Amino acid sequence: MITRFDKIAVDLPRPKHPSPNAAAAVQELLGGKFGEMSTLMNYTFQSFNFRGRNQMRPFYDLIANIAAEEFGHIEAVSYTINLLLTGSTKRGTDPAATPLADALDARNSYHFIASGQQALPVDSQGNPWNGSYVFSSGNLKLDLLHNFFLECGARANKIRVYEMVDDDTSRAMLGYLLVRGGVHIVAYAKALEKLTGVDMGKLLPIPDISNKRFPEARKNEDRGLHRILYRFSPDDYRKITEIWNGPHPEDGSELIVQDGPPEGFDPPDLDPEPQLTSPLGPDIDSEMFKDIAKKLFG
Amino acid sequence: MITRFDKIAVDLPRPKHPSPNAAAAVQELLGGKFGEMSTLMNYTFQSFNFRGRNQMRPFYDLIANIAAEEFGHIEAVSYTINLLLTGSTKRGTDPAATPLADALDARNSYHFIASGQQALPVDSQGNPWNGSYVFSSGNLKLDLLHNFFLECGARANKIRVYEMVDDDTSRAMLGYLLVRGGVHIVAYAKALEKLTGVDMGKLLPIPDISNKRFPEARKNEDRGLHRILYRFSPDDYRKITEIWNGPHPEDGSELIVQDGPPEGFDPPDLDPEPQLTSPLGPDIDSEMFKDIAKKLFG
Amino acid sequence: MITRFDKIAVDLPRPKHPSPNAAAAVQELLGGKFGEMSTLMNYTFQSFNFRGRNQMRPFYDLIANIAAEEFGHIEAVSYTINLLLTGSTKRGTDPAATPLADALDARNSYHFIASGQQALPVDSQGNPWNGSYVFSSGNLKLDLLHNFFLECGARANKIRVYEMVDDDTSRAMLGYLLVRGGVHIVAYAKALEKLTGVDMGKLLPIPDISNKRFPEARKNEDRGLHRILYRFSPDDYRKITEIWNGPHPEDGSELIVQDGPPEGFDPPDLDPEPQLTSPLGPDIDSEMFKDIAKKLFG
Amino acid sequence: MITRFDKIAVDLPRPKHPSPNAAAAVQELLGGKFGEMSTLMNYTFQSFNFRGRNQMRPFYDLIANIAAEEFGHIEAVSYTINLLLTGSTKRGTDPAATPLADALDARNSYHFIASGQQALPVDSQGNPWNGSYVFSSGNLKLDLLHNFFLECGARANKIRVYEMVDDDTSRAMLGYLLVRGGVHIVAYAKALEKLTGVDMGKLLPIPDISNKRFPEARKNEDRGLHRILYRFSPDDYRKITEIWNGPHPEDGSELIVQDGPPEGFDPPDLDPEPQLTSPLGPDIDSEMFKDIAKKLFG
Amino acid sequence: MITRFDKIAVDLPRPKHPSPNAAAAVQELLGGKFGEMSTLMNYTFQSFNFRGRNQMRPFYDLIANIAAEEFGHIEAVSYTINLLLTGSTKRGTDPAATPLADALDARNSYHFIASGQQALPVDSQGNPWNGSYVFSSGNLKLDLLHNFFLECGARANKIRVYEMVDDDTSRAMLGYLLVRGGVHIVAYAKALEKLTGVDMGKLLPIPDISNKRFPEARKNEDRGLHRILYRFSPDDYRKITEIWNGPHPEDGSELIVQDGPPEGFDPPDLDPEPQLTSPLGPDIDSEMFKDIAKKLFG
Amino acid sequence: MITRFDKIAVDLPRPKHPSPNAAAAVQELLGGKFGEMSTLMNYTFQSFNFRGRNQMRPFYDLIANIAAEEFGHIEAVSYTINLLLTGSTKRGTDPAATPLADALDARNSYHFIASGQQALPVDSQGNPWNGSYVFSSGNLKLDLLHNFFLECGARANKIRVYEMVDDDTSRAMLGYLLVRGGVHIVAYAKALEKLTGVDMGKLLPIPDISNKRFPEARKNEDRGLHRILYRFSPDDYRKITEIWNGPHPEDGSELIVQDGPPEGFDPPDLDPEPQLTSPLGPDIDSEMFKDIAKKLFG
């Protein structure tokens, strides 16, 4: 089970301008084959499914714990998309004014028809995330190799979306996730090393471009975020220390486990979009609602 | 963000006999259109996406909080599937003995080829869960109506899977989820009532068969589990009390909010299946691994 | 637009025994790539889309008119499936009696979980029909060639399902649809002949096995059903006579257009399945419903 | 079975300018999850599948009858798309002139490659409609709740597409379908009320923006179109009067059943697009075709 | 089995300008329902699956041999896409310079995120090619009819993409494939004629626009390429001469079989795109790689 | 381009008994995510797409050359399926005898309805192979890591199918492909080693069960097949020797490149299945066909 708290992992500034096509591109990092839905669900299912875990506890703990962090990543990407879409059409309650005219050429029409300018579990072409992206073979070595590859593929996608967008919101999110995804790459490399003796860390970085070339990522690495594996549990997953230790394979800094999740930041307020009846339309029965609202919110 | 702890919501007995086709049927409740992946992801995305939440806080809190409970539901269903599959083929390390012969006629071949007799995010026909199952219109009234319908549809599926399987594991899980899903039905009914004044509770039960006809569910209702909305957060989602209050629409009992998740139960140990190299195959480099294991586990 | 009347095209006897796997096989003829959903939707869209129809009226009339007949074919196949599923599980209102136990090994689990032992727009593997099966190029010659091929492919599927099942219901439906599908094959062959001068009828039968080898089809041919093109409209589609004329390419009999649809037969009653809460469950509020029912049905 | 007649439900003016991206957006209302293909097919399958219909005739009649109206809705949306695409590329028979150059940036490339600037059963992102969008549980209360939700979701989509496009064709279609879809919302609300006693009409409008804010819809409501349920059958579905009666929940006007479909309008002529060889290309064997045409059309 | 040699079938000039949206359109000819993946895989599977081939050898040889040519067609289309994408974003190794900014509005985002400006097995909307596009009924007459239709549909798509793009690369590829696809149309027409006696060639061209209207295709026909069926095997498929003979149905020229594949052309060099880390990123461990490279390439 | 020759890579004995469910399981190795369609298409597209290949020739040669071998693997798996299905229903030309009755319970109904007891590009649940399974990032290190992982995943699937089936045909195929797939695993490990210096071979075997435990594979290893990389080209791909050299990582034997493909074996004759009209039905116009056949085959 989980408990949830209303903080997001990265401080997201508002973009200077809305950008529907940037939002469409960022969707790849949410609902694409290598998006955060995939990392979240791969590790979640592998943790539910882990056979013989008592004998292999550190590996179980690692996978289960990283799964928990990934929830915060689908959250951060979703808020980025939501901020990029906020205000992207003309606000108002008169539909005849064609308030969504600008949306006609946007790459992802679902953002304006299916959702109220909001994130959806689809990729950058609007194709839905699906369960065939989850790999859970039960063989530990193979699952770890998969996870190592998945994180490297996810990193390649982040790099390319980074190169497409330059708004502050996306770049803040990307600077954070490049570093945290980098932690997961190293974690699975270390796990494979423990299991097989092969020094997987020497393969890094994959693709062969360092996080240090991304200013927003470098800032996070300067704060040491690439060295920390958070333990996302009050009492469990303590054996991750058996895997997450020793020097970082890229810069040799000491790896450390930090108990508890990062403190996080308040999620950004998302403004109403009345033209999309989000959250309410102009004809909510106002008298009745006033009474109710008084009770509920008063 | 979330934190995770290693308890599952329901105490799952081991089935007397493995049953691959029961496992295949139960998959509908995990990866089907009305499975727990759908409830989890619908509410998760609606919570990330909630516009104007400061004005509508009790509704946001309700959706975000129920999302957190649903994680425990995909977990409970996954463990059920895993227990039903455990031992369903002949254990051993000699592949030439055709240990998976019995799997040849099983309805879900992915359980034996893609996974190591483990749960996957697919439905009862093996079709993957996909993101088109997520509805997030941004309009509060419509999203609540959707959620109310989704829970009723999910209940219908649970009822029918209940009628297909009679092993203790599935029935324990179903007895629990019928009641907890019932709580979510009432919660969305109450939310719609607050918003519109319509007494949605009078529609219940949908389908028109009471939980009390299911012995394992009745047992949970006798313990009052249908009256409790757990608050799955250390500090947030406190305004669910504004919606979850008053009498239960079916039996008139008083609704109560309980702070914190249920205590839960230890997840069942899942035995290794060496014929599936899960978690290890017979040729792991044993000398090297012994050294490592000593360090890791010693 | 259409009007609808409650007759089905073929007299469907009840099967001696329910047969879930026969129902699963027959689904291919409903929701498969070559099922009746495909013929219905291909011709429907081609008729909506027909450019320059004033100059090419007989071809438009032919396609639009056959589309109308196809509605009756999805209906006939659906009723066949419904009859094969009726009574296939143990009736009753006690879920704890595991009334759907027998469904556990059925090939199509959707029949028992998603539907109440009822037809769905999916194929024999449970994969949903989808719009990529619709071909509408706008080029008349190519669309006609497509339609000719589609009907031949549909005929191959019908032949093979015929060879899988021997219940009276399926065979009655198949004996009818083999003949009516045969009419559509000839119609598109004639249309191509009018347009190009090529004697497509000499290609028949495709596959190279005559309808006369199927006793239930031969019976319908003996009644002349293979010679008749019904005009499914009170006033329109009159120019089909310009295409549907001359000798039948296989037996030389004279082709005739008959105004109006066939008279048809009463659709079979479909028994309730209370264990599936279809149409009602045991806990419908009986007092209230009695009052309503009196008003509605009294 | 059905009969078909060549009238469309709404008088569609030609748009002042073709608009491929408007056509792409309108596709959501045809082949999207909440498009008219979904309403048509949901009710069609529910009507084929209705168990125990003799006891529940008014509900059966309602669903079967609304299904028949929906055919006219896929037709009206398809013609809208076709008109928006007509003339959207440079007409001519010389392919080397790159007549489709403007199509290169259009959002839906299928309109120009797969079809001849024509409607297809796909959504606004080009994803095909599929049968998983059909819900047919067999439980009457649940199916009615689904239908009520489906119509509300469809209404939200229509509202948003309305806000994206301002051409006369789309707006005429939308003004009509908002009202007719509104009739279906009320019809399912009334049906649920009859079955359960809950006043579902008080939930309306969903989303909470009245049809009266849409000038083209208001015009149709002024003509009373929101009060009429057409009976789309010569002799059947007479018991819809048991459900469709009393006051309209939004404006209190009296609900009435009108026998027979609306009179309708001539479908618009769709011009040939020779650059797309639609319906003919420049090399049809003209001598032969002249002879044939004389016979066929002369 | 096959052997492979590094020549492509058509001499591809470089485009004057990169064009991501032209590349997106050309994808339809690679991964669309009627793309070269479909022709390749249909004939490949039909050849593996051919029952009774000893009795029907010329037909088997024809299908198996055309399959081999189709490999060269997916190759030619892929290189066209690759050339159209080469240089379409700003080259460099600094991600912070937003080198992919121009890609934000491109229709196919996968080209920039999933691939390094490279071809993928998807269609013009980015939907993946899938195995449901393969038809292999086992009935020879029906399979040949399918193949004849498939090639005509593929021709329609090529014509339309030709009309969308005017760069030299695409047009060279299209001029070649229109002619070679035309050969396959005639080949399947001849095969049907041998099997049934029907003169299918008289249906041509489908769509009814001659290859001679396409300057780049006419050039290839002037060189006689429409008359030649290459035998893509050192020793097999000799009986294609039994089918590929007599006059060409459109211009009456003599059909000839040529032993061996065409000589072909060197595949174009594809420039690195360092901003996409393709093939290497800036941080490959250069000291180590220098040593290795000396060994590998020195 | 390719040339093709009619030999298959492995000598396939006929199975003692047909086995539709074994055929259904083996489909995973053809059309599954980790099936041979995936290996074929991944390497084929990566070879078309390889940027900067002149500088990285040995890697290009390796990928392009392995792609060529994979064609022989989809062929070998397809023939295995075809042999398992041959004779699996009652032969004859009378459809009324229900010759396909036994197929009603088979797991893959497409084998009997869509195909004539023949292989299709679908997986073990009947879901079609699709292009989203192709990974082609353009970054060499990442693509090689993907290929290494893909081959390991494919190996896991082969192991598990091996454990499900015990017929001689499947086992002969599997014994061969385990070894040849093993060659590809080593090849990509070596390539990564050349590029990065990491000794990937020490990770093997993945899963951790040696090929030597599979009698049919061990037989092939005893013949040295695991040491040989065939060069599938008359003149190209010569630089594979720069990567394929040194000791085998599992048994230390010397790796060797052999010019040209293996000699191969005659493909098995596939008997006609007249009940499926494969290849002909009983009503082929025999007089006409006799004449033609004399010309064609005489």
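By written order: A, B, C, D, E and F. Residues from 1 in each chain.
The definition used in the following text is that a contact is a pair of C-beta atoms (placed from the backbone, for glycine too) under 8 Å apart; a residue touches a chain by one contact, two chains touch by 3 or more.
Note that the structure is a prediction, hence the values are computed from the model and not measured.
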| item | value |
| --- | --- |
| Partner chains shared by chain A and chain E (touch criterion as defined above) | D, F |
| Interface residue identity across copies chain D, chain E - same or different by half | different |
| Far-end chain from chain F, centres as C-alpha averages | D |
| Maximum centroid distance from chain E, chain identifier (CA atoms) | B |
| Rounded Å distance between chain B and chain F, as computed from the means of their C-alpha atoms | 39 |
| Centre distance in Å when chain A and chain F are each reduced to the mean of their C-alpha atoms | 37 |
| Centre-of-Cα separation between chain E and chain B, whole angstrom | 47 |
| Interchain centroid distance [CA atoms averaged], chain A/chain B, Å | 23 |
| For chain A, residues that touch 2 or more chains besides their own | 33, 107, 114, 125, 127, 132, 135, 137, 139, 141-142, 156, 196-197, 207-208, 276-277, 280-281, 284-285 |
| Touch-based graph of the chains, sorted into line, ring, star, complete or other | other |
| Contacting chain pairs - touch in the sense defined above | A-B, A-D, A-E, A-F, B-C, B-D, B-F, C-D, C-E, C-F, D-E, E-F |
| In the complex with chain D, residue positions of chain A that touch it | 89, 93-96, 98-101, 103-105, 107-110, 112-114, 125-127, 275-277, 280-285 |
| Chain D residues touching chain C - in the complex, by the definition given at the top | 1-9, 31, 37, 41, 44-45, 48-59, 64-65, 67-68, 71-72, 74-75, 78-79, 82, 114-122, 128-132, 134-142, 194-197, 232-237, 239, 242-243, 260-262, 264, 269-273, 276-281, 284-285, 288-289, 292, 295-297 |
| Chain B to chain D touching residues, read off their complex | 33, 132, 135, 137, 139, 141-142, 145-146, 148-149, 152-153, 156, 192, 196-200, 202-203, 206-208 |
| Contacting residues of chain A [partner chain E, same complex] | 21-22, 24-25, 28, 32-33, 107, 124-125, 127, 156-157, 159-166, 205, 207-210, 213-215 |
